Every structure is written in C-alpha cells, then in structure tokens.
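Following this line, the structures themselves.
Presented sequentially are two complexes of chain A, the first with chain B as partner and the second with chain C.
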Partner chain A sequence: MNVRLYAERPLYPLFGLLSSLLIAITGLLAAPHENCILFLGSVWVVFFVFGCRRACLAVIPYAAVLCAVFSGITYAVSRDGISSYAAVNRILAVSIAVIPGLAVSPVQMVRNFSMLKIPRIITLGMMITLNFFPLLGNEIRQVRKAMKTRGADSMASPRIFYRAFFIPLVVRLVNISDTLALSVQTRGFTSGSSAHSVYKPVRVRFTDVAFILLILGLCAGTVFL
Partner chain B sequence: MKTQIFESFKVTDVVFLAVISAVTLCTSAVMPLVVSLQPVVFGIANLVTSLQISFFFTVGLVKVRKTGALFIMSLFMGLFQLLMAPIMFFSTLSVSLVVELLILIMFRGYKKNCAVFTAMVLYNPLGLVSNVLYNLLFGRETALAVLTRAPVVTVCMTVAVAALSVTGALLGIKISGELEKSGVLKK
Partner chain C sequence: MCRYGILMKAVEFINVTFSYEGSGAAVLDTASFCAEYNQLTVLAGFSGAGKSTVLSLIAGIIPNEVSGNMCGEILIAGENVRGKQLRGLCRKVGIVLQNAELQIIHPYVEDEIAFGCENCNFSPALIEECVLYSCSTMKLNPAWETGTLSGGQKQRLITAAVLAMKQKIIVLDEPLANLDRDGTLLLMTELRKLAECGYAVLIVEHRLDMVLPFVDTVWDIRSGKLFRVENKMEYLKSHAGCITDTCVQKTTDDVLFSLEHVGLTAAKRQILKDITFSIRKGERVLLLGENGCGKTTLLRLLARLSMPTKGKIIQYLDTSFGQNRKGSRRWFSEVGVVYQNPANQLFMPTVMQEIAYGAESEQYAREIMHLFRVEHLAERHPQSLSEGQKRRVTIASVAASNPRVFLLDEPTVGQDYSGLQEMISILNRLHEENGNTMITVTHDLRCAEAVCDHAVYIINGFVAEEGGKELVRRYFTKDDIRH
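And now, the complex of A and B:
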C-alpha cells in the first residue's frame, strides 16, 4: 500500500469497505445500462470531495489504459458496441471500488475491526496481508539481483526460473513469515479471543455518515431508476 | 496415538497463511485485467489465476496441515476480492468450505500429501462450477450465454483450468518436499 495515497481526513474504514462493496455490485450489475457511467462519475466525485483526492487521481491512468485495452479486445471479439461499453463500465467500477482500499491505512482498518470485536485471527491476517504487498516487491527485486550475481540472467529457461528464482523466493517467504510470527508474538498478539485495548479508537463522524448516505443514495438511484 | 481432526491455529500458522494469501493475491493481480473478457471467454479469470492459487495454497497446506487452513487462506484472499468483486468473495469462500468438507470426509484432514493434492485439484475447477451456479441462480443471461455459445471453448477452458491446477499442486508438493528436506519448511 502506498502511504502517499492515504486520505487527508480518513474515511471511517467500515464505511469505506461498505462503499466499495456497493459500488462494485452496482457497477457490475448496471454495466450495460446508459446511466452507469453517470453513476461511476458521481461516485468518483464523492470520493474526491470526501478527502480521497490522491487515490482518486492515482486510479485514473490505470483505469484509462485498462479501459482502452479491454474495450478494444471486447470489441474485436464481439463486434458489439454495447459489450465494449459494458466492459469499460466494469473496469471503471472495479477501479473506483478500489479507491477506499487505497485511501484507508491498514492500521486504521485494523483498529476499526478490533473495536467492532471482529475475531483477532481475521484482523491479524488482514493487517499482515495488507502490509506484505510492498515487502513482496522488494523481495522479488532482491532475488532477481541474486540471480544476476550468480549469472542466471534469463527467466525464460524453466530450469533457471525454478532453481534460481522460485525456490529462493519461497524460502524467503517462509523465513519472513517466521520472523513476522515472532515479532507479532513479542508484541502480545494472540490468535485467541483474549481481551485487548485500542488506544486510538476510530469513531464515526458526521462527514462519514454523509458520505455513506450519498453512496447509498447513488447506488439505489442507479438500480431503481 | 489418536490424531486430532480439528486443531487450533497458532499465531505462526495464521501469519504463514496470511503471507501465502498475500503472495497469491499479488500474483493473481492479472485477474482484474481479464475480468472484462468474462462475458466473452468462459472461465478466463479462473484460468489466469489457477496455477498461482494451486501452487501457493499447496505450500500453505503442506506447512499448516490443519483442517480449516484452506478456508483461512481463502478468507484472507476473499476479503480483498470483496473490495473488487463481491461475487468472487462468495465463490472463493463457498468453494473452500466444500473442499474442506470433502477432504474431511475422504482423508480426515491434510496429513497426507494426496489430501493436499486432491484439495488443490478440486479447488479451481469447483470455482468454475460455483460461477455457473451463481449465474443460474441469479439469472445473468449474458454470463450463461458464454457457456453455451462456444461449447468447445468452454470444454477447453475447463480442461486448461484443471491442468493448471494439477501442475500447480504438483509443483507445490515438489518444492515443499525439497524445503522440508532442507529444514526450511518446519511443521
């Protein structure tokens, strides 16, 4: 997760998650309909206004490239304008649904889940999964560097790929998980349902309620109108 | 000594399963790129992810041979799929529950490699079945039409998904065996 994309005034994480869900469902259901693009545009504006500016801007180039490529492929395969339009809407729905995930920090989300008494096993797993993404990129780079040092430059050969890339990567993953487990245990995390404190509670604000009501209204409007 | 079917998960197990889920999720990042082709080519999303899923999940199951490990990995992965495509979340969770149940009935857990292999060979093709069932239940004609429009493609894609699952599971068992021998993958 990119720290720079976090919202200036973070959304209430649960509402962020709920909004993602609603947008993805509505976007995928309404993809072939005319007003879907209006719905997606409005949702993007809502996110922008409610503080997710950086995440909103960050998804634009990815969404543009994906829309161009996949609507093109869909048109080439089906020769149908409506199918291509639906493909664009599906990609946009997924891209916009990702915004709260980019804008809300994992720590904030875990605090929120802990306050809601969600099982520790889920919050712990979620925090590790979220924090592991940037770490994995770094590990892959290190394995590639080690490959170059050993003179194994080509990834095209299955033998080299298996011996020099795959096995070292899996070994690193196992080692990282062992270190991470030790670190988690020393910080007092347990997989059981023992009592725990949240020192920085995440509370619902008026703007969060306004945000989720707006999203709900837009989704309902798109589905029923 | 009598072996327990349901064992509790330690922090180390949860951490390892979470790491495996994160890696699987990262390597499955190609899936959103083809999601728009779903109504055109049957099972394309499953095809591009089946190898990674079966490989990494096999490694996870070999290390944590406990009933429920597959469900936990699917849950961690599903929570992120929930943000992008809720249907995938329900499909992932329901398939993992079915596979867990089948493995429990057939092998009483993941103690043997053949149980892990069977689980991973079933996991991805059952994902295809769950998608079809979902579309049948919720009447998405366009998604069902792709199934019947080109039956040859449908059969080929199903076979390809199964073949990739087998390859991933075999590769996972092979690598896990090597790591167990070298002492890296401690149970």
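And now, the complex of A and C:
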C-alpha cells in the first residue's frame, strides 16, 4: 500500500473499479485506431481532474519505460509502425486502468463493499492481499540477508540455496498468516454474516456520478465513433 | 469474591487440567488462579511453563482454534467459558498477541483501531469516541500512517485497537519483548491507569524488572500449577537481578573497526547521521539507545549487509577484505551475525546439521551443542523449536563457525531468567576462550552490564556518549544522560 498515492477526495470505489474495467477493455479494443491515443489522454486528464493527481503522475515513468520496451520489440519483430502504435496504446490503457486502484485506499474499498453486502471474507481478504505484497518483498530481502550471514547464498550449492531461501521464507509466511488470522478473529472479525458496522460510510456523491458518466461517454464515443 | 456487591474476579480458573491434542503431557495440572478487576496482574514463569496456554484459554483461542483436552472450570466475568465461541468471548476479553507488527492491516492508525469496533457493530459516533479515547490513552495520533510507526508505537497501536472494543478484561502476551526503556515505561504506565479505571489487566512477561513496579499481583506458573507470589520484591530478586559480569577483560589496544562520520539514509529518512567511534580487538561493545535510534542499522553496516551513504567504516580484521565492500562468504565466516528474528537463519533438517553447517568439524559442532545445552534437541527440526530455543540454536550455529567478530541483535529476547543467565555465561565463555570481539544490541537491563566493556549511546543517529558499565547503569536508571 502506497499511502502517498491515495486521492485527497477519493472516488467512489465501485465506480473506480468499473472505470478501470471499461478503460482497459476500450483501450485494448481500440488500440490500433488513431483516436485511441486521444481517448487515453482524455481519460488520464479526467482522473487528474477528479483528484487522482499523484497516482496519475506516478504511472508515467513506468508507462514510458514499458511503452518504449514493448513498442521496440513489436517494431523489431513486425517492422510495422501501426503495430508498434497499438502496442503503446495497450500499455497505456493498462497503465491508466491501474490509476483508480492506486488512488483508492483499500479501507475505502472494503467499507464500500461492506455497505453493498459483499461477504466480509472477500473484502477483508482483498485488503490483506493488497497488504501482503510489500510484506512479502520485505520478508524476501530479510531472508536473503540472513542467507548471506550463514554463507548459504551461493548458487554453487543449489540444494543449500534452496533450503536456506525457501524454508525460512515459507515458515515466516505461515507464521505471519497464522498471527494475522488469529489477530483479526480476536478483534471480533467473523467470516459469517454477523452484524457489523461501517465507521466512515462511503456514499455516492454528485462528483462520482459526473466522473462515471464522463468515463462512460468517452468509452462509448471511442467505440462508436 | 464480591466487594459491595460488585464482581471482583474477572478471570477464575478452578482446578483446570489441560493438555494439547496429541500430547500426553499436561500443561496445566489442577491449576487454580484468578485475576481481578481494578488490578494489574502479571503471570511469570520459565519458558514453556504454560503462560501463553493460560492466555489462550482465557481468550478462547483454546479450544476454538487450537484443540486440547480440558477439565475443570474457567470463569470469565463470572461466566463459564465451556462451549463459548471465540466471537462471543472476544467481546469480553481483549487479547494483545505477540508480534504487533504482523497484526496491522490498515494504512492509518484510526482505521486500525476502528476495525474491532466495526466488527462489534458499534455506531459510527461510538467508534469515533472509542478511537479518540484509545489514541489519547496510548499516546497515538489517529492520522499517523501505520507503516511509519516504530516498534513501540506498533505495540501501543495493537493495544489501543483492543482497548477500543471496550472489553473490561485485557490480556497481553509479552508486550515488552522489543520495547526500549521509554516505550516500556509508557506502556506500563498506561496499563496501570487502565487497572485503576476498573479494568482487569493480565500480562505475561519475562522482563519482571520493568513490570513489577507497576503490578498489584504476581502469579508464578510451575509444573502445571499457578502460585500467587506473596513477596514481590523477593520474587523480583530471584527472577530479575542484574547478572554479574565474571568475564576477564580481553580488550587490546589494536583498533578493529574505525567509524568516521558514518551516515545512512534510506527511503528519504536519515537513520544514521554522524557516527564516529572505534572498536578495539577483543572488546565487548554494547550499543545503547531508544527504539529507532539506528542501533540495528549500525550493526548491519558493521556486518557489511548494507553500505553507509556517508562517511566510512575502516576494518582492520584482514587487509584482503578491503574497505567499503559488501560482505563475502569468507567475510561472514569471520564476522558472525545473529539476527533479531532467529528463524530466518535456520534452514537445515536437524539441529545437529544446522550447527555442523558452519563448524570446522563435527567434533567442534558437538562441543558447541554441549556448551549451549541443546544436545537433547539434536534430531529436532530447527523450525519446530520454541522461539527461545530457536534463538539459542541460531547463536550456537553462528558460534560454531568460530567468528572473530560476533554481532548480536537482541540475543536474549524470549529467554526466561535462567535461560538468560545461561546465555550470557555461554557468550562470555566463548569470548574468553576465543578472544572474539562482541558487539551487542539489547534493551535488557538484567544482562546489559554483563556483556559490556565499552558502551556506545546513540541518540537520533549520533553518538551521544561513550563509556563503560557506569554509562549502562546511568542509561537504565537515570534520565539525565539524555540531556
């Protein structure tokens, strides 16, 4: 979770997810067409205007590198400018579709889904999963350093390397998931349909409706025109 | 049992016998015990005596999540817990588990605290009230990001998250394990206040020297039975006295490491700012300082697991290692590193193989096993051991490579008093026999002096003061050294 990328005035999470889906599908379908770049640019501006500034800026360097790599590979293989252009649009479509996911905090999403009566085991599982990836990266770094200290980081001894990497990592991850599961249960979480409340209810605002209508309009315009 | 018609006993065990499923040995054997409202109670005892089992029985983790065979009665707020579900019990008993940092799931303090209240179906207005109350009690800011909290703040956050659920019985499993002196005093003061406000607070802890001044009642668990300790001070002396240093000083005049204006910045945060001091061959160096001051980072720089972003560390161990390089395999055979989390360094199928992995011969590995008193665990899988045993096996495994420099990050966490005495005696014996240079980080007052010839006190990334045992004594007993 990168807290710095969250929007100051978050989008309604369900609309954010829906917009991601629409942009990815439209972008992928319209990738070879010349208007696609206009569509993607307009969508990026809409996100920027609707409060996702930091996430919008954060995706630019990644998108630029990926576009350069994939369009380069496509051109080297096909020698076709249109195919390269389509590859760029596909990368941009996926990169822009990621923006709502970066800008909406998981807790907003969980609260939104809780209000929509989606089972809590799914919503909480989603949040823990989002939390898990940075944790996993950190654990891998810790284990790699621990391997060095025991002289077990050489690929010359693959059996030792395998043991020294996977055994502590798996044990640690099992330990983390056990502790986490017990912690949420002892704090009253149940996977069943027991009554629960939402601290800060997430409600649809006028700007959210305007946002989703704009996205729908842009997608429809791109597909039909 | 009742004073002015009010129930005083929050938790009561009546002749409880318990054994884990698949194990014939009884962890509790007709044990009786009680914890009262308005009191801070501590449950002490040796590692493996059954303290955490008692907490799990109180919180309903046993038998709901972990199976076992139980006889006798456990009453929580006057009600028998037999047949009660975890979700019902957690409305009455709040449990703060070990390893606070693994339990945080939200990016902000406010949301983490609100999580339990949402599960209890509190109204948004009540949740807000609970969040503010818990934050003010545990000295937290609701807007803080959880990812930026120190170890002590994370521990207080999980305690606050439990407090917000408004149970009147709070149990805590080793909450002080990684806390510095200030963090410990803050947490214990707040727990004391809670007890005075009518809560029943039960804490399991090894660091009795830090806990006993705050507690009303002490229970000792031995051979499956629980005993109420009548004389707290006597008990403290027998379980938490400072360990005497019997080691002969081996310090020479030769410099081993020279640190010159060392700094380290990571993720835009300056962890170490300007560290300058020298470590001599055969010295036992103790790094002192509060949580987050940069002790572990400094240990990693000395170990060559990270490189400084400013200044330099000159090593005189061996010229062939060069300067400003990452640690090689040969470097780590000379520089032994024991991590805060011991499980990461254990990977062989048996304890015997684990210790023999870095040892010069099998004979020496056996000697080390004998020295660390882990021979009885020789055929066990290292990851199947208790936390205290894992730490001991990790230290034994690193010691088996006979390093000339021994870097120890919190080597005594999870050790009971006898285990602690034994561990310190072994480390000092190895130091005397091999003449190694030992660099230790610890928050444990009981053993700090016994592993120190040269203390280095770090504040906010700077060396504030250097000294000997007198500095350690002042650090743990007085406030004036930090001004």
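Note that in this section the second predicted complex is superposed on the first by the 217 of 225 C-alpha atoms of A that agree within 3 Å, B and C clash if a C-alpha of one lies under 4 Å from a C-alpha of the other, contacts with A are read in each partner's own complex, and residues count from 1 in each chain.
To be clear about the criterion, a residue touches a chain if its C-beta (ideal position, glycine included) is under 8 Å from a C-beta of that chain, and two chains touch if they have at least 3 such contacts.
What you see is a predicted model; the values in this text were computed from it and never measured.
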Open item on the list: According to the stated criteria, A:176 is in contact with first (chain B), second (chain C), both, or neither; which is it?
Closed with: both
Open item on the list: Just to be sure I read the superposition right, which of the two partners does A:35 touch: chain B = first, chain C = second, or both, or neither?
Closed with: neither
Task: First, second, both or neither for A:157, with chain B first and chain C second - done: neither
Open item on the list: Looking at A:189, would you say it contacts chain B, chain C, both, or neither? Reply first, second, both or neither.
Closed with: both
Open item on the list: Applying the document's definition of touch, where does A:107 land relative to chain B and chain C: first, second, both, or neither?
Closed with: second
Open item on the list: On the A-aligned overlay, A:197 touches which partner chain: chain B = first, chain C = second, or both, or neither?
Closed with: second
- [ ] Once the structures are superposed on A, label A:168 by its partner contacts, choosing first (chain B), second (chain C), both or neither.
- [x] second
Open item on the list: Output check: A:143 vs chain B and chain C. Expected answer is one of first, second, both, neither. What do you get?
Closed with: second
- [ ] Check chain A for residues that touch chain B in one structure and chain C in the other, and list them.
- [x] 124, 128, 167, 171, 175-176, 180, 184-185, 189-190
- [ ] Provide the residue numbers of chain A that touch chain C in the complex, in ascending order.
- [x] 1, 3, 6, 105-107, 124, 127-128, 131, 142-143, 145-146, 148-154, 160, 163-164, 167-168, 171-172, 175-176, 179-180, 182-190, 194-201
TODO: Flag every residue of chain A that touches chain B in the complex, lowest number first.
DONE: 17, 20-21, 24-25, 28, 32, 66, 69-71, 73-74, 77-78, 83, 86-88, 90-91, 94, 97-98, 100-101, 121-122, 124-126, 128-130, 132-133, 136, 166-167, 170-171, 173-178, 180-181, 184-185, 189-191
Open item on the list: With touch defined as at the start, can you tell me which chain B residues reach chain A in the complex?
Closed with: 8-23, 25-26, 32-37, 39-41, 59, 63, 72, 75-76, 79-80, 82-87, 142, 175, 178-179, 184-185
Task: Residue ranges of chain C touching chain A (in the complex, touch as defined) - done: 59, 61, 65, 86-87, 90-91, 94-95, 97-99, 102-103, 105-108, 111, 114-124, 127-128, 131, 145, 147, 158, 161-162, 165, 300, 303, 305, 327, 329, 332-333, 336-337, 339, 341, 343-348, 357-358, 383, 397-398, 401
